[in-house]
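There are two complexes below, and they share chain A, which is joined by chain B in the first and by chain C in the second.
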Partner chain A sequence: MTLTESPVAESEAAADADGAAAPASPAETLGAPRGLAQPFMTSDAAQVGRLFVVTSLLLGLGAAAIGVLLSLGRTDAVAPDDLFGGLNAYFRMWTLYRASLVLLVVLPLLLGLALAVVPAQVGAGNVAFPRAALASFWSWLIGAVIMVASVLAGGGWGALDGVTGNESDAMALTLLGTGLVIVALLLGAIVVATTVISLRQTGMSLLDVPPFSWSMLVTAVVWLFSLPVAIANIIVIYADLRGRQAIAFGRPESPDIWLQLDWLVEQPAVYAMAVPVLGIVFSAVGKAVDARSSRPEAILVVVGLFGLLAMGGWSQDYFTAPQDLRDGLVYVAFGLAAVVPVVATAGGVGELVMRGSKTRDRLLSTPMLGAGAALKLLGAAALVGALRVIEPLDLLETSATWAVFHGVVAAGLIAGVAALATWSQLLLGPIQQRLAVGAIMLLGVGGGLLVLADLISGFIADDPDLMALALDGNAALNGVVLIGSLLLAAGLAAALFAAASALRARAARERSELERESGARAAGSEAA
Partner chain B sequence: MRTTELPAAEAIRPRTVVVGALLATGAAFIAFAALVSVYVQQRQQAAALGEEWFPSGTVELGPAGMMMMTLALSIVTVQWAVQAARAEDRPHGFIALGVTLMFGAAVINQFWFVYQDTAFAIDGGRAELLFYAVTGSFIAMLIAAMAMVTVTTIRSLLGPFGRDLAHAVQASALFWHMCVLCYFLVWYVVFITK
Partner chain C sequence: MFTTGFKFFFGLFGAFTAAALVYGYTTGGNHVGPISLGWKGGVGDHIGYGVLVGLAFVSLLVSLVLVSFRDADASAQARLQNLAEVLTDQPVAASFWPVVAAFGMGAAAVGLVLHPMVFVLGLALIFLSLIEWTMDAWSDRATGDRAINRELRNRIMAPIEIPVVGTLGVAVVVLAASRILLNVSKLEAVWVAGVVSALILGGAWVYASRPGLGRRLVRILGPVAALLLVVGGVLAAVAGEREFVHHEVDTHEESGEPAVTEEGH
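And then the complex of A and B:
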């Protein structure tokens, strides 16, 4: 590198080098663990990132299957009571679906992408604390197993009617699993944030950081401000669960446990999942059309603003009268303002496209399609979120809440697939474009249908009804929800297939490289 | 030889461990602050309903003030350790870390006395339960801080202070200061304003 070359451009080129071999990290080259030992001992964050990505997609498929069953419960085909063996069990699954989509699917998927991509983007060989990254993955996985198993064993986040026997202990176990998952995600966020703050290559200021890395720094800060509040909630709930004769909140014979944690899956906290979506959109579009923004600092401001509006720890209304908080000026302002950064992102993307190469291949490339679909869904979610806080529309405690949730989740998943296509060499390997496009289409249409159906359900609901069980009279709408859930599940399956085929291709390439190396070594020794 | 052919200088990495510790410390503080805010909110609610929070005379200020004094002293000793680590002064660093640990143990001992003195039952009521939730979380954080200090003390026993160990001492000190700040909240919110 000469003194005239920009270190930023070089590191971005390394991160964007699609088609070329991914830069080998020290762990890959110097006696890195191989085979079965690799997932337990690796100090290469890219490998930890791959573990996060594949496992979260796998868990996403499970969550989507639960979503299909829950949608079935809204149709006339099966009564919700009969579906899982009682209303309590239905509530358990309903809460598991929401909590797992956030904590076990979208957040870890984005964290995995960050662990693999961010070091390359900022010019660091590896993340700041590689062993902490690995510890983050394993504690997240153990927490996820505890969480899911305890819910299936009768635990969960409260119950609608009475619980008996060991169910209270199972609930305590669910709280432990949830806490462990949150702590693991926090640890991963600290690793990513420290990498961006401390390990940028010389000459790269924070303002020079590529959009995805910047968005992950903002996301990490948002998580660090929001997720510890959930830990505090869990401590109070657990103490309460143990001393339940003493006080009313958190008692196991009510859904109160969920009501203390549901702010995590509602706006504004739900947008914390969507901050990296903006970074992926800017990076993917920029790479697809081979252009750079004329105002990169504006991108940083837009992403930072969205992060600010995604701070959600303050928005829990369990301990106050809901109307005090939700009708308050700050809550309404946050809801309305969230549209602004999404619209600004659309403007920024438009500018990139105008400045870039506009060939048909580039405009219809997988990253471009993914970025477009993710941005549209996020825009729809932010718009519904804005409508939701307008008091005369009376959407606050209705299924419109889940329109925002589904829009953000689908946007996060699509952005994840777009990222897999954009940085395929850094992540899993060469991805099959058809599968990736198929996944994007299915997730986009499925997410769109869910947003639309949940929004309309919110408008036609007579009373607040978060579980939307009272809408069983509207067969057409419930049918749309079922189709949307099915498409979402199919999209996740396609994404998983794409990831698996990419990993297979990567393994085959590594095998052939090893064989070539050993052949060359043998030839060399013969010649000697 | 042209200057562009000279080997690049070693990159100056900022204090990675300290930055990571700062972020983790911030997260822990937010969790604790959220816990205290639930406590305050519930107490306000009880006051609005005219309920008594703690029975009068059960929570005494003396031991709590003594703990505050102890932790205030520990701020000095932990900074003494940081300074010693920076100056590569191993004997002073070792003594400072040891005294800090002793202060931490003394605070836990005093909390044990407070628990015996108040004799609250965890299911005695909203106030008692939240009292244990807040103070128990503080003790857990203090134990974590003591574990960090213990690890750095053991490492300082094994060899001289290098740059890495100095950063580790700074990281431990950061977390320790946060614990003292958390106790200040407990002292004011739980023990003084009751």
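And then the complex of A and C:
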């Protein structure tokens, strides 16, 4: 059975066709709150999704700015101490950059896309628990505010140079903020997964679910298996920090706290951000060339396999000797196997293009460009991840770790922009193609430069450094990293502009529709 | 009569109870300790027994809630209420309780580190929003008619909400006004009390004599006045009370003990 034969595939096509009116949201039929009350009270998951998308892009711009400052600190221009006011401050920003890109930018961006798109794809009017979706957004936002504010107030995930009592309190707040953010994301994941499992329209089996919805189901399962481990880590660290330090794992004056949580931003757990990328790539390309795969079940297997390889809770090495875990067969196998689903996705995309319409407009459309760039970066990240686990190359504890991280983050961001262009009517509104293409190119080139520079420095570094404060005096590579960070920030700014212009266009359209309706009502009453 | 959800959780209750009894007796429980929750005899390993008994009670509670609300199944509830039509797939009404719950979680997190009072406030907000959220979720699907759903919800919740909100409102007004009166001088306190009383009296008079205008006025001025009062109360509380001078005057002739009076400047 192919997706073409599925009645749902048609409903998806109808729901997300550009130029067509967006489906009436269930909240609209209830006299939904308008104006300022809307973000606080809405029961329309699509609106919650928009809130997630715009807020995560805003936070992404902040995280990218921190990334630029950190890159500047790696060059000879400014010393890290001068830039941030001390080693502790540098460590705080270094950890905030990584944690925020995962927890405050890419994961919520993809969750927001899912909240808006998944119900339409599976033929449901709304998500399974719309109020839980709203609670998810606000809990995430409040957690994010607590997390960022406490880090700026001297908290963070540990320190390198001693701490004061106030800083210890701020660290406790950082941990609680991080925990709240994770709980909120889990809540959103449960909402999405339940929608796919229980609210599919009659006759749609799981095999008929469109690729993006399937990828979000897989992602939700991966998060549900992995993120609670992080919550358990946080509880242990918090108890240690605030209690009598009986366990002694969370000494605030050391980087131990970060070392217990860094598995979240390293492979394989970091691939959990990239599972929806595969779904977006399949859906975006399919829509761009107007084709459907002849083997949709293969797509489901590929995405499911990548999800399996992104399970990461087991890979934390703080409690065991790193070499025991990371030289182990499972870790190496996970690292090497992660390349397979990405390559298979490239094959699937090739098949779609072969089967579809190959006009110049379609092949150079924004979703197509975005899908291509995201897949290339994800492929690069998976390849570096595979090289990293090959022991003779000695890349494990080098900046190659951050090459994988940056590749996956950039792929997630680009896929997000491609999704905004693919499902523009369901999401923010008609997006400006030039801005979207600009964002994709900037993010693609910036991410690519970061992957390349971090990989090369991983090869040439004599003395591996946790924070890669200086790349062994290699000024050229440090400069490349700075350029890459700047391009990443510029790409996020372009994406934010594109989102803002789409929202403006949507608001203008809604205003004109309201005016038309009120005009028609007035004419009707006059005639009566 | 018994819903599927009830049967499942009541079964779990039975299973956990049996497991707790077996665990209690096999880990050193004696006499009727495991049966009487330790009242007459030992229960064996306290932790394991406690966990199992806890799970049993939670299962029992959930089963009772489920049977009370007919598993939140709209058709079952409609049969119970003899309603002809049921809309099972109804849209969910807008609600601000999810946001309150989120703020509650944030307050609890911040309070855990900064101040126990904030933590308790956060827990209270979470508890409150959970109750309201549960009732909203139930009433959304109680029948196919939104107006009836709203009425059903209000019939259960209004007798609780109105006294609680009224009490809280009075408490806030008393607390904020008392902080302001204690902050300003003795003479100014008399003036503030007089002016505020006159404003309340005037507002009530307008509301009673011109209901249409009064309602609009209350809608506009009510929140403004409440905000001013709370902000004033907070500022006064931060500034502290005025200085009190204690006069010791031995006018208490019968007991011979000095009486203490105080006067604010």
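Throughout what follows, the second predicted complex is superposed on the first by the 514 of 528 C-alpha atoms of A that agree within 3 Å, B and C clash if a C-alpha of one lies under 4 Å from a C-alpha of the other, contacts with A are read in each partner's own complex, and residues count from 1 in each chain.
The criterion applied here is as follows: a contact is a pair of C-beta atoms (placed from the backbone, for glycine too) under 8 Å apart; a residue touches a chain by one contact, two chains touch by 3 or more.
Keep in mind the model is a prediction, meaning the values are calculated, not measured.
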{"item": "Simultaneous placement of chain C and chain B on chain A, clash or fit", "value": "clash"}
{"item": "Which of chain B and chain C A:Q201 touches, first, second, both or neither", "value": "first"}
{"item": "Partner chain in contact with A:D240 - chain B first, chain C second, else both or neither", "value": "first"}
{"item": "Which superposed partner A:L224 touches (first chain B, second chain C, both, neither)", "value": "first"}
{"item": "First, second, both or neither for A:S139, with chain B first and chain C second", "value": "second"}
{"item": "First, second, both or neither for A:F40, with chain B first and chain C second", "value": "second"}
{"item": "Clash with chain C (superposed arrangement) - responsible stretch of chain B out of 9-17, 81-89 or 135-143", "value": "81-89"}
{"item": "Touching both chain B and chain C, residues of chain A", "value": "132, 242"}
{"item": "Of all residues in chain B, those that touch chain A in their complex", "value": "4, 11-16, 19-20, 23-24, 26-28, 30-32, 34-35, 38, 41-42, 45, 122-126, 128-130, 132-133, 136-137"}
{"item": "List of chain C residues in touch with chain A within their complex", "value": "89, 91-99, 101-103, 105-106, 109-110, 112-114, 133, 136-137, 146"}
{"item": "Chain C-facing residues of chain A, complex", "value": "26-27, 29-30, 32-33, 37, 40-43, 125-126, 130-132, 134-135, 137-139, 141-143, 145-146, 169, 172-173, 176-177, 179-180, 183-184, 242"}
{"item": "Chain B-touching residues of chain A, taken from the complex the two chains share", "value": "2-3, 128-129, 132, 186, 190-191, 193-194, 197-199, 201-202, 220, 224-225, 227-229, 231-233, 235-236, 239-240, 242-247, 313, 319-320"}
